[in-house]
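Have a look at the structure below, then the notes.
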Amino acid sequence: MHDKVKAQGGRGVSIALAGSGGAGVMTAGNMLLKAAAQAGWYGLMVRTSGPQIRGGEAAALLRISAEPVECLDDRFDLVIAIDWQNIHRFADELPLDAGSLMVGDPDQGNPPEVLTQRGTRLAQVPIKKMAKAIPGSWPNMIMLGIAAALVGLPLDAVKSVVEAAYGKKKKELLTPNLAAVEAGFASAQTLPAVPQLAAVEPTQTPRWLLTGNQAAGYGALRGGVRFVAGYPITPATEVLEWLSPALTKVGGTLLQAEDELASINMIIGASFGGVPSLTVTAGPGLALMAEALGLAVAAEVPVVVLDVMRGGPSTGIPAKSEQSDVSIALFGLHGDAPHLVIAPNSIADCLGATQWAVHLAEAMQSPAIVLSDQFFGQTQAVVDRPADMHFIGERAKASAPTEAYKRYALTESGVSPMSIPGTPGGAYTADGLTHNERGVPSSQAADHLAQLDKRERKLLRHDYGDYWAEIDGQGEIAVITFGSCTGPVRDALARAAADGIKVRLVSMRLLAPAQPERLSEALRGVKKVLVVEQNHSGQFHRYLRADFDLPGEVRSLRHPGPLPIHAEEIYRKITEWSLM
Amino acid sequence: MHDKVKAQGGRGVSIALAGSGGAGVMTAGNMLLKAAAQAGWYGLMVRTSGPQIRGGEAAALLRISAEPVECLDDRFDLVIAIDWQNIHRFADELPLDAGSLMVGDPDQGNPPEVLTQRGTRLAQVPIKKMAKAIPGSWPNMIMLGIAAALVGLPLDAVKSVVEAAYGKKKKELLTPNLAAVEAGFASAQTLPAVPQLAAVEPTQTPRWLLTGNQAAGYGALRGGVRFVAGYPITPATEVLEWLSPALTKVGGTLLQAEDELASINMIIGASFGGVPSLTVTAGPGLALMAEALGLAVAAEVPVVVLDVMRGGPSTGIPAKSEQSDVSIALFGLHGDAPHLVIAPNSIADCLGATQWAVHLAEAMQSPAIVLSDQFFGQTQAVVDRPADMHFIGERAKASAPTEAYKRYALTESGVSPMSIPGTPGGAYTADGLTHNERGVPSSQAADHLAQLDKRERKLLRHDYGDYWAEIDGQGEIAVITFGSCTGPVRDALARAAADGIKVRLVSMRLLAPAQPERLSEALRGVKKVLVVEQNHSGQFHRYLRADFDLPGEVRSLRHPGPLPIHAEEIYRKITEWSLM
Amino acid sequence: MSTKKAVKQTGRKKAATSAKVRAPVRKKPGSPISVTDEIDFMTRAWMMELEAVERYSTLADAMEEHNNPEVTELFRKLSRIEQLHADQILEEHLSKRPPVLPPGGIRWDAGEEGPETADPGELHYRMQPYHALQIALACEQRACQFFTKIARSAKNTAVRKAAREMAAEEAEHVQLVEDWLKRTPKPDPDWDHDPDPPVQSD
Amino acid sequence: MSTASVAAAPITAAAFKSAYKPIWCPGCGDYSVLSSITKAFAMLDLRPENVAVVSGIGCSSRIPAYTTCYGFHGVHGRALAAGTGLKVARPDLTVLVAGGDGDGYSIGGNHFLHACRRNVDLTYIVMDNHVYGMTKGQPSPTTEPDWESKLSPGGTGLRTFHPLVVALASGANFIARTFAGDPNGTAQIIADAIRTPGFSFVEILSPCVTLRPEQRGWKEQAHPASVATTSDPAKAARYLMTDDGFNIGVLYKGNRKPYQPPMGKGTKRVADLEAEFSI
Amino acid sequence: MSTASVAAAPITAAAFKSAYKPIWCPGCGDYSVLSSITKAFAMLDLRPENVAVVSGIGCSSRIPAYTTCYGFHGVHGRALAAGTGLKVARPDLTVLVAGGDGDGYSIGGNHFLHACRRNVDLTYIVMDNHVYGMTKGQPSPTTEPDWESKLSPGGTGLRTFHPLVVALASGANFIARTFAGDPNGTAQIIADAIRTPGFSFVEILSPCVTLRPEQRGWKEQAHPASVATTSDPAKAARYLMTDDGFNIGVLYKGNRKPYQPPMGKGTKRVADLEAEFSI
């Protein structure tokens, strides 16, 4: 290997492992990430694949770094392909340049033009032949060895992951595959160099390897959720799959509902029973839940709906990320139906944000929608173990209600203590009809207004503390964003900072109720505001215009999925603007 | 009768007929309105009643005038009650003052304090006894006579309506009830005066008596709708009930669906088949249709959804009006899903706006939501026959498609000719998955963006002409409103004009796609903007902030239902502001 | 509905790795059908080939879409071979009166497909040429048995004769495929190994 | 079920009737159903606070507030889903789900199917008046094909929905039909339904005197079923398939195990789950 | 139906197969179903432009684009609603609705019930693989109670949904079960279903080789039904209630009149309707 270059610590190295179904590129990618994690690096891995359920083209997209990373990089240093079949289908997701290196198997033909056109170097390794030469081994292990060697990951780290994978169950697979990893590692010595990982000290702070979907599931449990009903939908299903056994362990349960209408009504029923409840879905399912969410607002039943956003509208692009459910989450309910909308801003924050959502929902007896997305949900990442949070779901309960109990009492906070079935004397009827304080249906203007006021008040009076947004940096330019655009924005801001350009970051975790005063405070002195989001119509930007007062000139940087917004685009936009 | 006063021509007289179920107040009200209509006056009648399905308290609220009226007045000149039972439940809807007159039956007790507290005069007529005295007659006919006499409606006009009602079918009822009307009429001569109707010339221009729900149904047929599927819901059911036999007559059909999910998918299926299609619902049903509306956006299938808005959220106040489905209509779809939202601005305009919506939906192959409301839908009004409009639903069809037919071709207008099943060579698959020009599923960023652009483009490039809004008047103050707030706003502006205060009116018929340039044009020179709407959270106001640039200072005047926004409130807000 | 443990496959991991293609068997070779005369018989033979052509081509498409070029190529080849057979029958036996396909193809006994038609259910995205040839072999064998049966049972002598000829030809094909199989490397024991999970969508 | 621990006097039906006056039309069958339900609760010696009455939207669905139990008046058609969530999360409660034929068989049809199949220990009462009462008289799935209405002049022409057969086909464990005009019989069957574990379905013929005044004649039509309760689904299927719609009684009673996933019996602390994420 | 007027050669199955390559896993039963459908269309001598194939979402629901007919790939669970609207508005078309067990029996259950009841002249095909294929293996209503998955470790414990019985109970006019592994038999039954007026339901056992590889064994389990097609619902009910899930054949064929409201036969002009508003 010639010309070893160290990658920038923060930026790390970016690797894509590609090949057709059966080649095991995801497994190789997982192992690479795990090895890096165990050896002290951070990183993440995105899966991408063709439309075929089996046997389609696939790639594991990794970024490994000495410092925490929250998104893929704008480009790849290295692509290793077991074969190139149909790989052009996700060429968009594999931005390469002259500095990148492709490694292919000469027996599998050449990479498509769309990959070579940017002057990317190509090196050849007879991956399949090498695997054949070691009976019982697989090409993806050769690939793993090559990748590790090229980016400077110690062989031992990789080997120990392989050992852990096969050592116990399938001993006969271990030896040949270890040999394959070694062979791959050795073969890389003669290949052109790619940037190498910056060294890291083995760290003492505990780290986790998990997806945002798992993090959200865990956050729900931490917040106190003990009942979940859901209907499978990509890319949210794994949350249900993770929660199902987990709930059984901690003393709760999960029901697979017949449809999303059932899911949402089931959790409303369960929560009416006093049990903090949650459902998980994606856009089409969220749309189906809109009616019952209105019921939860009117009857004041706390529930949490985790929406793992995917490309829309309609069935759209189910397995790809997009931030296009902002509007429906904020405004998708009929009537005046204020509720909570919360967006995690990193994979790890899927835990915190979901836990917080449970806490808020319970505290305010309100439905809360959590806007995660496919990128967060299905990306595996190495993160520092998130700090424990005190946000536990606890609702105000009417402990000893009397005859005169008013379920919907007009309290100052707007929150009315709730009587839980089983409590003597506290019986009432939860109602989606407009009602008076006792819950009795009423079509009086005064009752309607009083209850609408109260429901608005409880959300506005709550003290959300500093958790409503992540605010960083100084300067007269600010970027406002949310969710999975936060990672690229942070990267872009780091690049701008390196150029001496100061930019403020506001990543909003609490989308609704709007906190205009807090935002104005955060933006004091700002002259230029860039709103960054991953959708077509600027849903977040429009919302900011509608409900906040933005200072100075405001611009919108956005595009729909499936491609993420790259740090480079943001960086360019900022630097250009800062010069004007 | 002493002190006859003529009512202002435009303002007319306002009459409430009240009584418990069975008293026939609605029938009396209908007859009064019809009599006025036939005699050349304009007017409208709102029904209001208690929660009981049968036998509850009820009132017919009328406004009759020499000039067209589009809403109830702020106050009543006259309330006649057969009994006062539980009438306090809708005291809010019966604003009285010292100038008003209550007529009650001394045997039925006294009006509740909430009605008398404003110094309203009370006159007594032994209504029930008088009816008893004429065997076979009913108290509501006595009431009808009293009302006619008090407001100056010719006895003959009323009698001919009664004759038409009973003359054919139930002859034995006719004589006693005519006698009752006469007795009532005569008894009124000794009662205190209320303002009398301004005289009118019998007019030659044709007039109609209908509800907004009927008008909308008729507008749908005029636009070309020939397939309707729907699920009953208050206050929209009458549209379906009117359309069912009407469609059969003109060669179409109506299906009662099992639920709203079925309704919307049925009409999408029918429209895919080339037949202009519509469904009718209210808030809860609209919420259930959100998912499939997204499909109609993505698959580009034109459909019209008529939402007759009622009090929300959730089941809310089903039989009362509110403009609180603005947000869901505009933003209730997941993903980026631009579509049409149209609001009629009068009862008569329910016809035109619905017809226009069919036309637009078909022209742009897009779903269109029509926001009517309970006030429009269920109020009976006397209107001039609306002018014929050239808006017919006609979609661009691929007449002779070839092998290379691209259903979702990227045309300049954004509209792609649609091949209708049955057309040889034009087969394609309509898809809610992101697709390329041929309709083949694709998760390529370029295809996604191209189709999103195209769907946005087709809505933005269309020339909506002047029909997008009703714009009236001049001045530096403007009121922006929509839907059934237009009536009170017009009344308020007339009052302001009488004071010499010039105010501009913009009543938006096309809510989406937003027409910011047109609005800016309409508001040129405006310094103060008042946004008027009937909901709690200012949904329309927020939308204007989000998608338009409003000049000068902007204020919001709003409150939720069930009470309408009164002209007086608007007038006061404007005059106060104009002095500042 | 049966919930017999025997039918049940527990464990998803197992599900992902145990999707072996079984030896392609079909219980019946397609029972003889009553044919009236030689033309009728040859028409059916011709259709049988055409059905096989069409099926192999579908299988090739499926394998192509699933990035298995070797097997794609093999199925294409098999499709071409069957087309040659079909053309040959047309030329040698049916040139006078070219037949017209009945709508929906011909009916084989008990609703089965043509004896030479491969079962798409036998496919696996990781299958190797060897498996594809096994499928082809089974098809040829069924065809051979089918004609043999007719050769024995048909009432019409001309049909019997023609069936004998066809049976002999199919026997040759069986031999050809068997030879081909011998030249083809046996699949690795873990040929269907795929450590990655299926893709989820929609 | 945690019935009150004090040795209280037997509870009366009246204790289950709330102070709110029903909005129902005088003469509506639902009054009798309300009375049967409260009687059944009293028979079973339940405590109001341990019972939840869950409904959708419709005249009949107004019933929760007329009891002194915990009530849930949800959205149209989703009562069974809400009831299922409640019961699974709170197995200690007695959950009665109630509503109309439109609510349960039209918009709520899917939840009906799956509630039968899921067999959670619920009792589901449908006050069937063969019409949409609340919205003023449109045909429901059980409306006769020739019943005329504004929406369907000349009648729908559609085969009526057979709730009992569908319940059986989809796995309900207890299937009965009662007539509102016989409040005591109805009360007993409701009590039996509540007592029987698993999903119990009670179809109650409950006349709508306002929109279907001819239903006052049901009094003459309702009659006890000619067969005894069976536990054989095939037999029940054959019988119900030719049922005249007025057979009164418990028509099927199976013994499927109710579905009740473990709730509140976990052995681990939440923090224990972290282990799987640790590197 | 306006079949082409030229005396064309009989159409072949191949003419109904589009150029798009299915994304289905090689070995998936749906390939055979596609082939059966195209064969059935050819048998009936239909023209692709006069046929619409309507589906929801799922692996199986991808089928429309693989035919040369007009296709409608709607949202999950609503295929029958879309198909109903299409057929009622365009009675001249042949409408085939197709999808999976999740699409049809779980989220789409209500439309299934009401389509059976409504009896519009549609054919509905469910490619039943007892699993959610597209979302990677969650239990569907027809999944065996002991089938393990991530979502239901240890199995759901739920009684399986019996589609044929439910179809019968809710009024389907034609009820059949076929096995994908027998494409010609399936084609014949589909053709029969299309030919039979009213709502025809064809449940096709279509193995999911990826998530339920054991279903490759269905070949051995599928067997012809031991009884002949009946038109007696009570008899059919009894038989289907104890059906083993592998009986192949047309199990019920009734003769209810299809529901087809008049369409396009109006006698009045729209403007004629104005009269009722005139004062």
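When the chains are written out, they are named A, B, C, D and E in that same order, and each has its own residue count from 1.
Everything below uses one rule, namely that contacts are C-beta pairs under 8 Å (C-beta built on N, C-alpha and C of every residue); 3 or more make two chains touch, one makes a residue touch a chain.
On a predicted model such as this, the values are computed, not experimentally measured, just so you know.
Path length between subunit A and subunit C in the chain contact graph, taken as the least number of steps between touching chains: 1.
The minimum number of touch steps separating subunit B from subunit D is 1. Seen as a C-alpha superposition, subunit A sits on subunit B after a turn of 180°, to the nearest 5. Across the assembly, the mean Cα position most removed from that of subunit B is the one of C. One simple way to say how far apart two chains are is to compare their mean CA positions; for subunit A and subunit D this gives 42 Å.
In terms of their C-alpha centroids, the spacing between subunit A and subunit E amounts to 38 Å.
Computed centre separation for the pair subunit C/subunit D is 55 angstrom, with centres defined by C-alpha atoms.
Across the assembly, subunit D contributes 57, 75, 77, 106-107, 109-110, 113-114, 141 as residues in contact with two or more other chains. In subunit A, the residues touching two or more other chains are 51-56, 234, 237, 248, 254, 258-259, 261, 284, 291, 294-295, 299, 314-315, 318-319, 431-433, 441.
Listed for subunit C are residues 65-66, 68, 125, 197-202, each touching two or more other chains. Arrangement of the chains shown, judged by which pairs touch: an irregular graph that fits none of the line, ring, star or complete shapes. Every pair of chains that touch is listed here: A-B, A-C, A-D, A-E, B-D, B-E, C-E, D-E.
The touching residues of subunit E, counted against subunit B in their complex, run 2, 4, 20, 47-50, 52, 54, 57, 64-65, 68-75, 77-78, 81-90, 92-93, 110-111, 113-114, 261-270, 272-274, 277-279.
Residues 34, 37-38, 206-210, 214, 218, 221-222, 226-227, 229, 246-255, 257-259, 261-275, 277, 291-292, 294-295, 299, 382, 385, 419, 421-433, 439-441 of subunit B are the ones that touch subunit E when the two sit in their complex.
By the touch rule above, subunit C contacts subunit A in their complex via residues 65-69, 125-126, 190, 192-202. Across the complex, subunit C meets subunit E through its residues 1-3, 5, 7-12, 15, 18-22, 54, 58-59, 61-66, 68, 100-105, 107-108, 110-113, 119-125, 127, 197-202.
Across the complex, subunit A meets subunit C through its residues 20-27, 49-58, 83, 85-86, 136, 138, 140, 234-235, 237, 315, 318-319.
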